[in-house]
Structures are given as C-alpha cells and as structure tokens.
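What follows is chain A paired twice: with chain B in the first complex and chain C in the second.
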Partner chain A sequence: MSRRIYVNGAVWLLLLTAALWLPLIGGYMALASRVLVYALAAMGLNLLLGFTGCMSFGEAAYFGLGGYGTGLFLTHLTHSTVLAVIAGTIVGGLAAFLFGPLVMRRRGIYFAMITVAIGQIFYFIAERWNSFTGGEDGLAGFSRQPLHLGFAIVPLDAVAFYYFVLFFFAIGAGVIALLLHSPLGHTFIAIRENRRRAQFLGIHVERYVWASFAIAGVIAGLAGALNALQNNFISPINLYWVESGNLVIMAVLGGMRSFWGPLVGAIIFVGIQDYVSSYFPNNWETFIGGLFIVAVIFFPNGILGIVRRRMKAA
Partner chain B sequence: MSLLRLTNISRVFGKLVALQNVELEMEEGRLYAVIGPNGAGKTTLFNLISGFFPATSGEIWFDGRQINRVPAANRVALGLVRTFQITEVFPELSVFENVRIGVEAEARCSTRPWPGRALIRQINQRVEELLETTGLSAQAGRIVSELAHGDQRVVEVTMALSRRPKLLLLDEPTAGMGQEETAHMVRLIRDLHVRQQQSILFIEHDMDLVFGIADRITVLNYGKVLATGTPRDVAADPLVQAAYLGEASA
Partner chain C sequence: MELLLFDAFNGLIQGTFYALMALGLSLIISLNSVINFAHGGFMVVGAYLAYTLAPYIGFWGALFAGPILAGFIGIIVERTLVRYMYGRPDPIYSLLLTFGFALIIEDVVRTIWGAQGLPFEIPSALNSPVSTTYFFVTGYRLFVIAAIALATIALFAFLRLSRFGIRIRAGILDLETVSTLGVNVYLLRSVNFAIGTLLAGFAGVLAAGILQLAPTMGDDVIMATFVAVVVGGIGSLLGSVLGGLLIGLAAGVTTAYYPAASDVVIYIIMAVVLIVRPRGLLGQEGLFE
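What follows is the complex of A and B.
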C-alpha cells in the first residue's frame, strides 16, 4: 500500500522535473512529449487489454480520429488549442462509443479482428477523402496556437508543450486510476478474470465491454489530439493497424497488469524508435519486434511484472 | 405457490436427449437435492434454470414468472444464483475482491465510476458480513487461486450469496473435496438452510450426504425423472433401488 504511494510519487516527480534532468541524459523535450502521448494512448488501450481482458487491435482508429478532429478543428473553426484538444477527444470517444455495440459481443480473436476492421475503415476514408483530410499526404497547415491564460499568453515551445501534454496526461491517468478503484473498474477486472462468473453474478458483460471500449476511445482520442499538436500534422498512418499494434506492444512490453506498464513500454518503444532509427533508419522495427517476442516469451507480465516479482521475492 | 416449477422440460443436443419431459416443483425454504448417475442431465437442468442455454421445450417458472426468455444475468437479479460443478471464481483477485464484485452488483452500483465514502463503507461492511457467514474472514486478503480447493468452492458459494438469492443453485458443492472440507461445506449448507431459511437446490453425488440433509429429492436417470419425494419415499422407491443397485453391481 505505502509502496504504491512511493512509486506514484516517484513517477510524478520524474515527469514534473523532466525539463531539468532529461537534457543531462541526452534526451530532448519533444521526445518526452511523444513518450507521454503514446503512454496515454497505451494506458487507455490497457483499460481494455489489461483490465477488461479484451484484445483490441484497432485503438489507432480513435487515436487518429482524435488527431484529425483536432487538426480539422484548428484548420476550420478556432484558434484555441485547448478547445481543439477537447474536440479531438470528443471525436475519438464518440466514434468508440458508436462502434461499441459492434464489438462488445465478440471475444478473443474475433474482438481483435472486428476492431482492426473498423480501424481500417477509418484509415481508408482518411486516405481517400483528399478534399477534407488531405488524403495520403496527411493534414498539415494547422499549428498549435499560444495559450491564452488570462494573465499571460504562453507560446507552446518544446518545453511549454511538454507541460501542456503532461497536464492532459495527468487528467487521463487520474481518470483511469480513479476508475480502476471504483465499482466500475472492479467490474471490468472481474470480466477479465472470468466472464462466465461475472455473467452469473448478474453482470451484463457486454455493456461493460462497451463502456470500457468507449472510455479507452476517449483516452485514445485525447492522446491523438495531443499527437496532432505535437507534430502540427496528422496522417492516415496514425490510423493504420500498425499504429494499433505499436500501442499493444507498448502495453505488453511494459506490463498489462500494471497501471504504469504502458508508460514504461512507451518509454522503451519511443526511445528505441528515436535512438535506433538514427543509426538504422530502415529496420528499427526489427529491434522492437525482437524485443517484443523476447518479452512475450520470457516476461509475459512485461517489464513491471519482473520488477514486481523481484520485489516480492526480496 | 411454488418457488420453482419446471413443466415438461426437454433439452436435446443433436441426437442426444439430455433431458426428457422433466417435471420439478420446489417450494420456498426447501433444501432440495437432485441426484443421479454421471451424464443423467443434472448439470443440464441447472443450465436451463440459470439461463446458460435455453430449453428445447417446456416452461420454467420462477417466483410466479415464466422465465424461459429471461437472459442469464437478469435471472440473477430475479433471485436465481448458481455455482458451477467446476469452480468458477476470479482466480487472481483476493477473496475479499471476489465477494465485493457480487456485493457491488447487488447494490446496483457496478456502473459507478466514483462512489462516495458512505457507499464504499457500506459495501465493505457487507463483504465482511458475508465472509463471516461462510467462515472466510481469516482468508479475506488471500489470492483465491492460492487457496485450497475446498476454500475456493466456499468462495464461490459466498459470491453467490452476495446476490441475496431467493433460490441458491449449487452444482455438486462438495465435488473433489476431502472429508474435512466436505463436512465444512455440509455444515455451511445446513446453516444457511436452518438459520436463514435459504432455499437451496443442489446436485450431489454422495448418497449418504443427500439422504442426511435434503428434505426433498429428485432422482434423474438418462434424462428422465425416476422418482421424486421425501428422502424416505425416494429411498423406498423400487425404481431407484433397481437403478442404484444395478449401477453398484455393474
């Protein structure tokens, strides 16, 4: 119990002070922002994957939709960066909510297949609808605007943007944490543990899978919105199934059963992507793939799973 | 009015007739046993009553309602709660957490993302009360998959009780248990029956046990009701004697 408080305290402290220590180890703020963005999406996904036990392979759809929502909102409707984030979050969440009934009855591999299929539909729409989405070239021409805080106008340079992302990351992570300690979260975990038992305790399993799917979509939408702002660009690649797979890899690599697992996974994934791709631009994915296979075979509970076992043994 | 009534129930799996024109009537407050040899259709009967799958024909009446089309999860809310022949629990959660799932469902708050303190206190209290009833208080913090088999089955019964069943369905509650564990389970079932007037329908293989505690018995054989009545009537039934003696000498 108290260990959890220390761990949480350490994580938040490190995230809050990143601007101080990251440059010392050769990192840069845009990289840290990217880690947080993907960590947030992977944590949302993990609500489904690790805590409800549903193998979603199409989370990039809601990540990408959040991005397009934000990009199009900034392009056509407003210059408020915050409103654009909210718009993107709503777009991603709404899409997941509306498609929920289509996925909630499927299980296992069928759940994975239907979620991929839905994701690919959005991918193809984004790729073909040139006039609206920019087609396969992606949507550019929008950029994150300075924040109007009333007393000051803050331009979102790399450092300020990191803290902007951290703010929303904290909201997202906080919501997930509260949820996991609520009756709703308990019920998600019960479904993961034993669907049949849950059903025969009077729980309408499908409705909860729907809820979990929609909430994961909201979080993915939020992360996608931040991703669009990070790059001032969004492209169909962000909706593609490979992106979904990346999020799954992050969650599994870090540890699906742990709250912070996806964050650890995102640090490793984005870190490798950044460092290795500068030396081997064409096959950094092989590194990730290899690492993933090793993790799945030897550490099925991810990196935090090993840490936890060590601590238990000690 | 009877609590549970099955009229002319049949269930077919392809060519196999698992249950054929079964009639069963149970009054409130009874400790009612279903017995019969392997493959007689006992679990199938429970699956029909609990809504695991539908009957091929016939009607299921519970508490004055025809429930043939009521989905399984809704039957729980009506007061029909079951356990399984092969233990179904939430293996990686603690005993406390297992029971809490049921308590939260019973409090109709499973959808709450942020419960108030009062609600949490109320839920925890109820969980503790249930663990006390079934003698699991000392194990509350333990992970269920690490418990002895017998304790795991008690956890499942406790979870079922958390939904305050009008009718508790127990599928071979003592299956795979040693002597001591069996005695504990039998005591628990008896206590529930005597102290709380809990209506219980249970499947059991152990004849001595059944004839020792049940107040009504139905004997199934090859999917048909062979006999129904008080333990004394059933024991005296020539068909039952023939079937069981036949089985014993085979």
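What follows is the complex of A and C.
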C-alpha cells in the first residue's frame, strides 16, 4: 500500500516538474505533451484491453473523432479551447457509446475485427467527406486559443500547453483510478479473469463490456481532442487502424496489467519515434517494427510486468 | 448497364485476389493460430522479387519463383519469430508481432526498390484485349481469374488428397492428437505457414501485372483480406474464398453507383455479417474467442 503511494507520488512529481528537467536530458515540451496525449489514450484503451480483457483494435476511431470534434468545433462554433476539448470528448465518447451494443457481444478476434471495421468506416468517411473534414489532406485552419482564466489571459505556448494537457491527463487518470477501485472496476477485472463465471454470478457481462467500451471511448476522445490542439491539425491518419495498433503496442509495451503501464509504453514509443525519425528519417518504421517484435517476444507482460516480478522475487 | 458490368467484373477480379489472400491467411490462422498481419507484406515481397527476377527468367519463371521465395521467407520468419507465439493463447501477441514485421517489410522494400511505383511487364500475348463488344477486357485479367481458380483448386486437392494435406486438416481440428500420433507438428506448422505466404506471394505477382508495384500495396489489401476471412467465417477455407469474392464484387458494384463509398462498403458488410451471423458465413464456434 505504502509503495503505491510512493510510486504515484513520484510519477506525479516527475510529470509536474517536467518543464524543469526535460530540457536537461534533451527533450522538449511538445514531445512531453505528445507523450501525455498518447499515454492518456492508451490508458483508456487499457481499461478495455488490460482490465476488461477485450481486444480492441479500433480505438483510433474515438481518438480521431475526438480530434475532429474539437477541430470542427473550433472552426465553426467557438473560440474557447476548453469548450472545444469538452466537445471532442463528448463526440468520441458518444460514438463509442452508440457503437457499444454492436461490439459488446463479440469476443476475442471478432471483437478486434468489429472494432477495426467501425474505425475504418470513420476513417473512410473522414477521408472522403472533403467539404466537411478536409478529406485526405486533413483538417487545418484552427488553432488553440489563449485561455481566459478570469484574472489573466494565458497564451498556450509549448510549456503552458503541456500543463494544459497535464491537467486533463490528471482528470482522465484520476477517473480511471477511481473506477478501478470501485465495484465497477472490480467487475471489469472479474470479466477479464473468467467471463463465464462472471455471467454465472449474475453479472450482465455485455452491459459491463459496453460500459468499459464507452468509458475507453470518452478517454480516447479527450486524448484525441488534446492531440488536435497539440498539432493544430487533424488528419484521417489519426483514425486509421495503424494508429489503433500503435495504441495497443504502447499498452502492451508498458504492461497491460499495470495502471501506469501505458504511460511507460507511450514514453518509450513516442520517444523512440521522435529520436529515430530525426536520425533515420526514412527508416524509422523498421525501428518501430523491431520494437514491436522485441516487446512481444521478450516482454509479453510489459516493462512494468518485469519490474513487478523482480520486486516480488527480491 | 455496361458500366455496371464493367465495374462488377473488375470487382470480381479484386475479389479473386482477396480470396487468394484470405485463403492463405485462413490456413495460417487455423493451424498456426497466428493472426498474420504481415500477410500483405509477403504479397509485396513476392511481387518485388518477381519484378527483379523477371528480366533474367522471364515472366513465367518469375510467376513461380516470386511466390516460392515468399514461401521460403515465410519458413524463415516462422522458425525465427512466429514460433515464439505458439504457447500464447491470447492472439494479441501474434497480431502485434506480425504487425511489427509488416512495418519492417514495408520499410525494407522501400529502401531497396524505392518508394515510387514500378511497372511490371507482362507478356504481350496476355496484354491484348480479348473482348471489346461489351467492355474492355484484357487477356491478362481473364488469365488472373484462371490462375487464381487453378491455385485454389490445387490447394483444396492438396489438402484433401495428399497425406501432408490431410495432416494439416487434422492438425487444424486437433493439433495435440495429431502430435501424439507421431506427426512432426513443427514441420507441419512451418510448411503450412510457408504455403500461406506462398499464396500471398502468388497474389502479389498477379496483382503487380494489373496495378503498379508499390511498397504500400500490401496495406490496402491486408485489411480487406481480414474482412474477407471474418465475413467468410474464421476457420473455414471455403468461407474465405466466398468472403473474398463477395466483398470484391460488392466493392465493384458500389463503384458503379456511388464511387466514394467503394472502400467503406466492405466494412459495412463485415459489420452487418457480424451482427446477423456472429461467426461469419461458414465459421465455427469457439475459434479465437
């Protein structure tokens, strides 16, 4: 118990002070924001993947929809960055909620395939609907607006935006943590461990899978909204199945069974992507692919899975 | 009407490619219990190797050499990487492993042969139009359909009639029992994986004659292939063929009426099939759930 408090304290301390130490090790704030954005999406996905045991391979749909929701909201309706984030979150979450009944009865590979199918449908809609989504070129022409805090107007430069993202990351992570300690979270884990037994105990398994799917969608929508603001741009690529695969590998790489696993996975994934693509701009895919293979063969329980086993052995 | 026939015919050709790809993927899923995301990559490798060899051994030689080399690479990959996945019941690991490998293949192909599309020469005898009465059909397109049909029949005959093929089918049903009966299941799985990648390579060479060669040509096909397998029913080889033809035809017919939706229609079909028949058209219960 006390160890958990130390770990959580350390993680939050590091995240809060990132602006101080990150430049010292050669990082920059936009990179940190990107890590947090993907970590948040992967943590939402992990609720489904690691804690409910449903192999979603279409989480990019809600990530991308959150981005499009935010981008379109900023373009057409408002100049409030916060409202746009909320709008994107609602768009992503609502889509997941509406498609939940389609996926909740499926298991294993069929769950993966139907989530992919839904994601691809959104991808092609975004790619083809030029007049509304900007089509293949993506949606540009919106930008994050300064925050009006009442007492001051804060322009969202790289550092301020990092803390803006961290604020929402904290909300998302807090919601997930609360959930996992609630009866709802325990039910998710029961479904993961033994779906049939959970059913025998009178749990409406499908309803809970739906709930998990919708909540993951809300978190993905929030992350997607932040992603759109981070780049001031959103492209159909964010909806493509490859993006879903990236989120899955982040969760697996860090550790699907651990709360902070996806964060660790996102740090490694985004870090390597950034580092390698600046040195080998043409061949970074080989490194990412190699990372997938190494992770799957040698760290099937993720990096935190190894750390945990070491600690238990010690 | 003519346009509809033309698009439907093109869709059918597309469908035969999906069917051939889906057949190999389905074999690998059934016996190796591996979801091979690199299947499109093997298709690309087969096509590019055929392209490189064609000036030396001609189109007909390359048509056989490309797929066989893709099969060899399949064996190597199976022996060095995929075999680590056999003990793991959760399909997510094999999926991610092959996903990573697909990224590497694409990158390597781009590095060796370049990102630009390359034309693949086909014999002029096959390139001449056969019929211009209804719509324009080159002999090559008919040849593709015939070649894929022949390959499919050959595969089914192999699985039905040869001892090795029968063992593969038995292994799909119960690998453990087959193993206790003294069959070398390691060899069985390796060869099966190679057959799957060989079929992918064959599809790649044939496709190269219609489309241009491009490092990304596998990306567009792999998802459609998965859709074909799921629509047909995971674990059913015949279902994969049906699924492939069905979605190809559907995409073709949609092109005639509403071109913008031709990419998305296959996913809509898959979603509908999964809602109405959760295990696909001919799928069995319990596989990969």
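Keep this in mind: the second predicted complex is superposed on the first by the 314 of 314 C-alpha atoms of A that agree within 3 Å, B and C clash if a C-alpha of one lies under 4 Å from a C-alpha of the other, contacts with A are read in each partner's own complex, and residues count from 1 in each chain.
Rule of thumb we're sticking to: contacts are C-beta pairs under 8 Å (C-beta built on N, C-alpha and C of every residue); 3 or more make two chains touch, one makes a residue touch a chain.
What you see is a predicted model, and the numbers here were worked out from it, not measured in a lab.
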Quick check on the superposition: with chain A as the shared anchor, is it clash or fit for chain B versus chain C?
fit
Check whether A:N194 is in contact with chain B, with chain C, with both or with neither, and answer first, second, both or neither.
first
Is the number of chain A residues in contact higher for chain B or for chain C?
C
Touch check for A:G202: first (chain B), second (chain C), both, or neither?
first
Report for A:Y110: first if it touches chain B alone, second if chain C alone, otherwise both or neither.
second
Does the superposition put A:V264 against chain B (first), chain C (second), both, or neither?
neither
Looking at A:F292, would you say it contacts chain B, chain C, both, or neither? Reply first, second, both or neither.
second
Between chain B and chain C, what opening angle does the Cα centre of chain A see in the overlaid model, nearest 10 degrees?
80
Smallest separation in angstrom, by C-alpha atoms, between chain B and chain C in the superposition
14
Overlap of the chain B and chain C footprints on chain A, residue-wise?
none
Looking at the complex, which residues from chain A come into contact with chain B?
178-179, 182-187, 189-190, 193-194, 196-205, 208, 211
Which bits of chain C are touching chain A when the two form their complex?
35, 81, 84-85, 88, 90-93, 95-97, 99-104, 106-108, 110-111, 223, 226-227, 230, 234, 260-261, 263-264, 267-268, 270-271, 274-275, 278-279, 287-289
So in the complex, which bits of chain A are touching chain C?
49, 55, 57, 102, 105-110, 112-114, 116-118, 120-121, 124-125, 128, 241, 245, 248-249, 252, 282-283, 285-286, 288-293, 295-297, 300
Chain A partner contacts - residues on chain B that touch it in the complex:
50, 72-74, 76-77, 81-82, 84, 88-93, 97, 100-102, 104-106, 109-115, 123, 156, 159-160, 162-163
